[in-house]
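You will see two complexes here that share chain A, one where it goes with chain B and one where it goes with chain C.
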Partner chain A sequence: MIPFDQIFVQIVNGLVNGMILALVASGLTLIFGIMDIVNFAHGDLFMLGAYIGTTAFLTTGSFWIALVASVVVMAVLGAALQVTALRPLLGRDPLTTILATFGLSLVIQNYALWQYGPVPRKILEPVSGHFRLFYVEYPWYRIVIALMSAAIIGALYLFMKYGKHGIWIRATTQDRVMAAAMGIPVPWVHTVVFAIGAAMAAASGVLFGPTVGINHAMGFDFTLRAFVVVVVGGMGNLGGSILASIFISLLESLATIWVSPAQAVIVSFVALILTLLIRPTGLFVPTPK
Partner chain B sequence: MSAARARGEGPSAAYWTGFVVVVGALALSPLVLPEFWQRFATEILIWGLLAMSSDILIGYTGMVSFGHSAFFGLGMYGAAAALLMLRPPNLWLALAAGLVAAAVVAVFVAYFSTRLRDIYFSITTLVFSQIFYVIIFTWTEVTGGENGLTFRQPPLALPGLFSIPFTRNGLHWFVLAVVTVSYLLLRRVTQSPFGMVLQSIRENEPRTRAIGYHVERYKIVAVMLSGLFAGLAGALYAVQNKFAAPDFVLFLVSGETVIFNVMGGMGTLVGPVAGAAFFLLMKEVFSRVFYEYYLIPVGIIFTLMVIFLPQGLLGFLRRRLNQ
Partner chain C sequence: MAERWQSEPWTKDMWWSGKTTRRRFLGLSATAAGALGATMLVPAPWREAFGQAKPYKIGVLQPLTGAAAAGGKTALVGSQLAADRINKSGGINGRPIELVIADYESKPDVGRRKAEKLVVEDKVDVGEGGYLSNVCLACMPVFEEQETVFMIGVCLDTTITTSKCSRYVFRPFDYAPSQAVAFAPYLVKKLGKKWHIVYLDYAWGQSTRDAYVEQIKKQGGDVVGTTGIPLGTADMTAFISKITGSFDGLFAIMFGANAVTFTNQAYDLGLTKKAKYAGDGAVAESTHLTALGQKVEGFTGVNRYIPVLTKPLDTPYHKKFFEESKILLKQMDPSGPDPDRYVQSNFEAMNFLKLGIQKSGFKGRAAGDAEFKKESLKLIEALEGMEVKEGDDFPQGDKTLRREDHQAFLRQFIFDIHNNKHRLLEVIPREKTVVAPACTFPKA
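So, the complex of A and B:
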């Protein structure tokens, strides 16, 4: 029998990881929902955001300034990438966007390797205390991560629901042509959505940075996980992908009680495949009529 | 092609002349090239076979597989298992073991992934290849884990007739023969009624279904066929390099396979081989200038080609190559 405290610690871990993943995946699902773009480079935007965070942290010494700086830089870079590489592909087969973003992913990954070298980097955590959770000293910072992620996702939700430009975005998602007819500048909405997605990826990168060593190859893991989440949650469905992030992360955390973390990934892959077979529209969306 | 076939004409003389010239040039290449480039030519052929195998799915059926590294890698480990366990090592059994390993994986992947379409198919194949990567990477007792497996090269032998160790050129010619035969087989498949149904699935899947074809069954066979030839490429690579490593099961190999197809021209069989040659040549040239960061310029060129040259380098030859 597995002791209860071990399960409880893993549940807390799963929730924290799930919130980070939700932050990455909600950017991905936003981009997919509005542009039909499957962004293969999303995890690499996450990784580059974390690296830019380390640079800003070294120059300013403040974690929070680093977070904001990285978000701003990545938003601008995201907009630039969308305009140069993805705008020409608008209206083509979604598969070509996988290819184009795969190319971008290679470029970003190797640029990071070139700029920052192969040795993993770390950002110092802004909140350093621990509290006792059964048999482990659990860092407060991990709780801060979960709360920050929830706050950012909440802000996005409010923006999408009540903000004028948020309504533009939802209108474009529902009907691109009609939105354009109503005078919404659709190409710019696309650019801004990509920038928002990149910024959210950067924010999660910087928040996640202190808990691991940042290296140039870490993005792919997150791309893959975010794909899993977005499919399990239902493509383009924001609420679904948040629930799915938590669900997948909980599964993986609980699996680490029995197997190594490297093997625990398989659990989420199996969850994806089962979802696709049983309910391809996603687990956390109402049945389409 | 169907029009030409209906009139009772085969492929044009120009096509076969081109075929003979290219195969002849490849056969002669080790005699004139310096040693480094000899090896390079053999590698191009092996990667070209992998690219061709995925073209059956990407170019002819319209299913972009992001998981070909699983088939390639399993072919490699299958061959490795045969070479390590059998005494004396036997080339043919190694290739057969590679094919069997890839076929088993292909049945498994095909059963699940073909129920899905478009990007969902791509993501599923990618996820499957990662599952196999994790298994191979962590199951150290059997697969050697991160270090992989090394073994000796088997001799070229026919039981009871002869047995000679591979020379540099001998290996090149052997690989060339296997790849050429594979090309002719795959070409025959694409022009068969079966291949026609695959192309019709690419053009209009609901309509193909409405005509009465069992689309899923055709897709399953397509994935298995493609996986089989990818496994053959993996087994050849194992024989050439005398090792099997988990790096070759990693998704990057699948990504490169897709790059070969896009660069060379999907749906031409020859195009992906040219794409492989172009990619490997670029890699070679750029890694002399940019060292290990060669993927920066290669990635930029690839992205530009996706945007501006979606047909690929040989796409303009599509009609002639498929006649």
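So, the complex of A and C:
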């Protein structure tokens, strides 16, 4: 017999988890799409954003101010990191930038450990309360996270579609040389894109923070999952990554009905392998005609 | 308005106000380097007292980076506190001790490599530390091959002193079978008959789960389900939302950030309100309480150490240990947490080594490489069966380091979390935590 209650609970879980993952992955895929940089430090930007959020939360007592403060600080920090560590490597072998972002990851992790110490931190959720979802008490806050993620991704989409600077970013993605020839300041577009990526990582860190203890290792798990969805969705394809996040999270959640959640993650790796074998450009990239 | 701040009148008397010439830069750099060098040449105040005496080198293995860094850094505080006290009180046999600290990055392969480096290249006299059970298990053969005593500071996996026991390895604190024997009667008689166990799916979690399943059943209770969660899982909702059915209590075997994540998310999904929440004391260590807030309220656990200063832990030894640890912990983390069991067991592990070295007259590598094995065996014999009393060196209480398996037995504290603090409910005397030895040492 099909356990409908479990299916429904896992669909809700999958959608919520998918939206959180989409927010992390969209920053990652944006940076890759524009700059051809595989950002290994993305999970650490997520973690540092959460820590900055706790500092702002302790100072102001407001979750929403903490969210905004963290986004702003991390955008500035992201821009600074791009200018100092990544811009000098522009045009070099991709391996160089991979090593650079890996180095940044280690620096950020150890900085967080030194600055904040090893004791996990807490940031209080702005919305408490639960609703009954069959056999579980489902927290409203997880729904808020999904809605906030959708709102942030939606805002990014509108900015990219209609904003002047969004059009610059899309032009740079399509043809960097031609964009430069048309007068678009390509190096600054790169800086702004990295800043947006860092800000989105920070937003997801602060939003996800209340459901875990904030600690220096909280980005590990997300980085791996975000890389999977970025490849499945099509490297650099923003819409594809968002669809892939929801698709993979739903698949994993539904698989947990029949197998252990630890085994269910295999589903995402199977999807990754199949994508690489059958459609290496990504599942959600239109077939070239 | 002056264009350069150096031209402002208020900067006239500042030594850095002038133009930075190459000569000035080199001069200042040389002065700074000289001052730094001079500081490094001045020995620590206790060091002078030892003259030319060769220090005992103690190799300390801890995860200071990576996923388990939080626990590793806390554990290191215990070793450092004991080393400071030993050196300030005249060292061991007139020799100071020197800690050679190795960070194994929370990875078993790195742990094994670092253990080899400690004994082969750094030539340490003994090893101490551990933390992650899979790392302890990976490093034990190294210490055995190199005939070096390894005094474990944290690892709790049962097999360390049972099926995989080693003549060279000692565990001077409790293990899961002891905790389960101590806690299971309370769980079944006072909290509930039917339990669901959630555990971290690796060596320690699995062996602890087995110990509790056995003891809960022995007490007339039942374990209706178990759920394993991999180490480092950031979002555990998929696991938690699968826990269904009827049970009285949820028993968690978790530590560190995993425990914080699980407790947070189990509370959010209503699981810890539906059933009584209990577990290994590592779930609610003092270092987690701020992050957990009211979500851990009412949790009942068992631990070898809790940071309370009420009877029977209101001794001057415990107060001294508590206060001195707090100072070091404040340097490690600005929030200044209370000491936890990782600080306590590493502190006491170092003191077991001190007593063993004193009793055996162990010279370590100072006796020469050819004699080192004999020296290690002397130390092993001194430690085997050692009985220690509650005091400055052992603020947790009396202990026995059993000869047959090198496993210690000590009293256990059953506690709950009340107003975000530990509250002592019951003390289980060490005699009631003893389980039969299950170890056959490999022949040398």
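Keep in mind that, in the parts below, the second predicted complex is superposed on the first by the 274 of 289 C-alpha atoms of A that agree within 3 Å, B and C clash if a C-alpha of one lies under 4 Å from a C-alpha of the other, contacts with A are read in each partner's own complex, and residues count from 1 in each chain.
Just so it is clear, a residue touches a chain if its C-beta (ideal position, glycine included) is under 8 Å from a C-beta of that chain, and two chains touch if they have at least 3 such contacts.
Keep in mind that this is a model prediction, so the values were computed, not measured.
Enquirer: Return fit or clash for chain B versus chain C, each positioned on chain A through the superposition.
Expert: Chain B/chain C on chain A - steric clash.
Enquirer: Considering only the touch criterion stated at the top, classify A:228 as touching first (chain B), second (chain C), both, or neither.
Expert: The first partner, chain B, only.
Enquirer: Using the superposition on chain A described above, determine whether A:279 touches chain B (first), chain C (second), both, or neither.
Expert: A:279 contacts neither chain B nor chain C.
Enquirer: Quick one: classify A:170 as touching chain B (first), chain C (second), both or neither.
Expert: A:170: touches no partner chain.
Enquirer: Thinking of the overlay built on chain A, is A:220 touched by chain B (first), by chain C (second), by both, or by neither?
Expert: Both partners, chain B and chain C.
Enquirer: Check whether A:262 is in contact with chain B, with chain C, with both or with neither, and answer first, second, both or neither.
Expert: After superposing on A, A:262 lies in contact with both chain B and chain C.
Enquirer: Going by the contact rule set out at the top, does A:114 touch chain B (first), chain C (second), both, or neither?
Expert: first
Enquirer: Based on the superposition described at the top, state which of 243-251, 297-305 or 315-323 belonging to chain B clashes with chain C.
Expert: So the stretch of chain B that bumps into chain C is 243-251.
Enquirer: Indicate the residue numbers of chain A shared between its chain B interface and its chain C interface, in ascending order.
Expert: 109-110, 113, 220, 260, 262
Enquirer: Please give the residue numbers of chain C that touch chain A in the complex, ascending.
Expert: Touching chain A: residues 65-67, 69-71, 73-74, 201, 228-230, 232-235, 237-239, 241-242, 244, 257, 260-261, 264-265, 268-270, 273-274, 287-288, 290-293, 332-335, 337 of chain C.
Enquirer: Where on chain A is chain B touching in the complex?
Expert: 38, 85, 88-89, 92, 94-96, 98-100, 102-107, 109-111, 113-114, 220, 224, 227-228, 231, 260, 262-263, 265-266, 269, 272-273, 276-277, 280
Enquirer: Going by the contact rule at the top, pick out the chain B residues touching chain A in the complex.
Expert: 64, 66, 112, 115-116, 118-120, 122-124, 126-128, 130-131, 134-135, 137-138, 251, 255, 258-259, 262, 292-296, 298-300, 302-303, 306-307, 310
Enquirer: For a test of understanding, state which residues of chain A touch chain C in their complex under the given definition.
Expert: 9-10, 13, 17, 20, 109-110, 113, 116-122, 124, 130, 135-139, 141-142, 208, 210-218, 220-222, 252-253, 256, 260-262, 264
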